[in-house]
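Lettered A, B, C and D in written order, each chain numbered from 1.
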């Protein structure tokens, strides 16, 4: 493991300090926590607070999306480990303006349980809290009997939309309704060329051969659904768009937002080549995305790979929310 | 069968040691079917527990609460709220009983409620639900613990990170069950407790 | 070599297509070239055009900085290879609004010669063209008898400042004067953990041992000045800030902008840890940067490593230029 | 000693072949002291030259101009403008002479002007400045070419990417000198030219 860090145990606090000190115009640390809150307090006045968070290692997620028009606060857990309820609760208190607080949680047992406990703490303080559990990763079979699907890169669309709605004055109930309407339309699938190395673990989550890739991996190096030999970008797109189409039934009469997301060690060069192939493939469906982003938005430390998110925009207002201006590090 | 703040402290220190010794192994168990951090999570938590307990809590309820809060606020992940809830429920229960079996019953109920897992889902619930009755019956043994833990190996995970693997989660011991096994082993090793 | 590409020879055109098609609101391709120009033509009216470019592989540089308030056009050469004069000339023509065009060139013989030839072509069309050759990399000894220093990450400060000045109506002569005043104040130094693999070459530019790093590498895997065992981030910062201080004589009475730049495969997590150490080190000099950026801004394909740029802000107007709003993919 | 559009075409096709055969070697030479692309750059350019020449330019001036434009617009990097300028200057000169020596003189002057390098700076100028006089004197040989190229090995680079290495550029043949060597070798191999 060769990394630009100090003591592996200090990565999270040092990283959070690095972020807040480099961008004091957007974020600041909540005293005694590894959570960050908007510096622009004025922008939160009278608005519902939007709080997200999760394990660290997905930078710029989540702290990079805190700022006017997007998240109110983000809670940074240990690497690949859900933050604890006390920290989430501190973030809820820091953003609450009497309008209530909405939590954006990714569907991992740890996150769900810790955010739930924080919600319990908040309810003891009479702070109204609602939440959405994002589960956009279609690599995993869905089932009500199991944990269900993971929350991955599509989560940033949720952050963006709810952040814009809250900034424009939506109530807690309206945000809750919006979140639940949006959720089933966001779908993501990934392909990895190499796994992430958690600095505290010191070795990669799995090892692929020099010519091997794996479809369907998660953002914590959770194994995917198939390994095979590396293929050209076009063929990867064929597989991933195929999976999304199976799930969403792509339709030229519908509108879509598209996110090509680098996992941390994949250069933009490759992401743009891949994006070009995605656009070609979507053209075969007579689809031209109404909104598109390409870059490192929900990373997995130093994993090499890409995820592809499609989001069916059922309501033009959602598109306005996506285009609404924000003041953040990472969007 | 009575838990006191002193036996609780001995138990927890033993558990902390066992976790520290096996933290790499626990994380290794968590690698093929999870995210490889269970040992580090538990070790971080139990170090915090040891530190907090060193300030000598006044009574059993305070001791259990101290443990719960330390776990809840330092472990994170899935195991943090689960172990945390377990001790929190024991703390609540301790106002009416100091019987270890009854306390563990409350703990198990808390874990099941918090995580929604049932026996057979390949989680720590499997170990707890197999062993709490043995504690109550006064016949907990190392062998029973081992087989409760090993039983998770052939299960298909339905909750937690391992569930994303479906059928492929078979053939691996559940890391949270292994660490729970340590909790029961150290309970057994704590003199004057069972 | 494991990369998400198709034919290695097609990387540049496919990448440029991926960029322009993903972000049509900012950039479009100049017909028959691999150069891109602002989509917002209105924003160029009556302004001096700012054109940059160079070899590809440094994404988001250069095309990612094309847009209102920053570059007018960017010319994308083959990977790590200067673009050709005809393409540069096409970009000059595409942005010329009668106010002349200013070229931002990085100091490599190839870039300098190709941009010079394009200037010759433009002068035959009576388009007034001036240029700045950026040479911010202090890893290389300076000398008038040799090629001199390389242009690296600090170039993006030049893009930003000149772009803001041009957008606000500065004349070609004013921009030329500004560029030459700014240039000597931008200094950069890098450290690499691994070299880039040019997809056309198929193997890395150099190979470092599992525990080795190299100080002073260039953005095309040009060798640096020293190899040694990997050190904690704090120690790397000590070395790099030390070099910059030798060169610039850091002074608490002066203002600085700071850029922590990831080379392509280094996760933001590490960049923020490093940035935190940079801020600590600068604090020892009683310096708090007046402007700071952390991220992948001038990459070297999939190199792992970081560069650190300090820019002494001699004139408060320069800070305004840095903060001036832009509409680009990459800033 | 007279260059015609036909001998020019033969020469260029031979040069293109030689570049193609050795493109990896040229890029390998460019790796320790450059950026590893010289062979690919030249190959891309000479493929374009071959293609353009296949449409049979009408006369020598057009032929040289075609080559220059093909190189300038496809090679990029440092070698593109340098080789391009060389042929552009030959094209200009060809309106007054078709003597290969005089043409190469003009080419060398163009390279020196474009790149600002002098003999001893470890660039293609070293090969050109050593060999153009031999062409003019009618005594160019393979050996002379080889030793002109090899002479760059112990030089310290003052121009181009290799210059960033300072003293460490010693001990490596300059890639642009090697490719220039091929240009002179194929000139020698072109029947009826020298």
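We adopt the following convention: a contact is a pair of C-beta atoms (placed from the backbone, for glycine too) under 8 Å apart; a residue touches a chain by one contact, two chains touch by 3 or more.
Note that the structure is a prediction, hence the values are computed from the model and not measured.
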Rounded Å distance between chain C and chain D, as computed from the means of their C-alpha atoms | 31
Averaged-CA centre spacing for the pair chain C and chain A, given as whole angstrom = 29
How far is the middle of chain A from the middle of chain D, if each middle is the mean of its Cα atoms, in Å?
-> 53
List, in ascending order, every residue of chain D touching at least 2 other chains.
-> none
Report the topology of the inter-chain touch graph, choosing from line, ring, star, complete and other.
-> line
All pairs of touching chains, each written as two labels joined by a dash | A-B, A-C, C-D
Touching residues on chain B, where the partner in the complex is chain A | 27, 31-32, 34-37, 40-41, 44, 72-82, 84-85, 114-115, 157-161, 163-166, 168
Note: in the complex, chain A contacts chain B through residues 55, 77-87, 108-110, 113-114, 116-117, 139-141, 145-147, 150, 198, 200-201, 205-206, 218, 220-223
Footprint of chain C on chain A - complex, ascending | 2-7, 11, 14-19, 21-23, 56-57, 59-60, 64, 191, 193-194, 210-211, 213, 230, 232-234, 236, 260, 264-277, 279, 292-294, 296, 299, 301-302, 304, 306
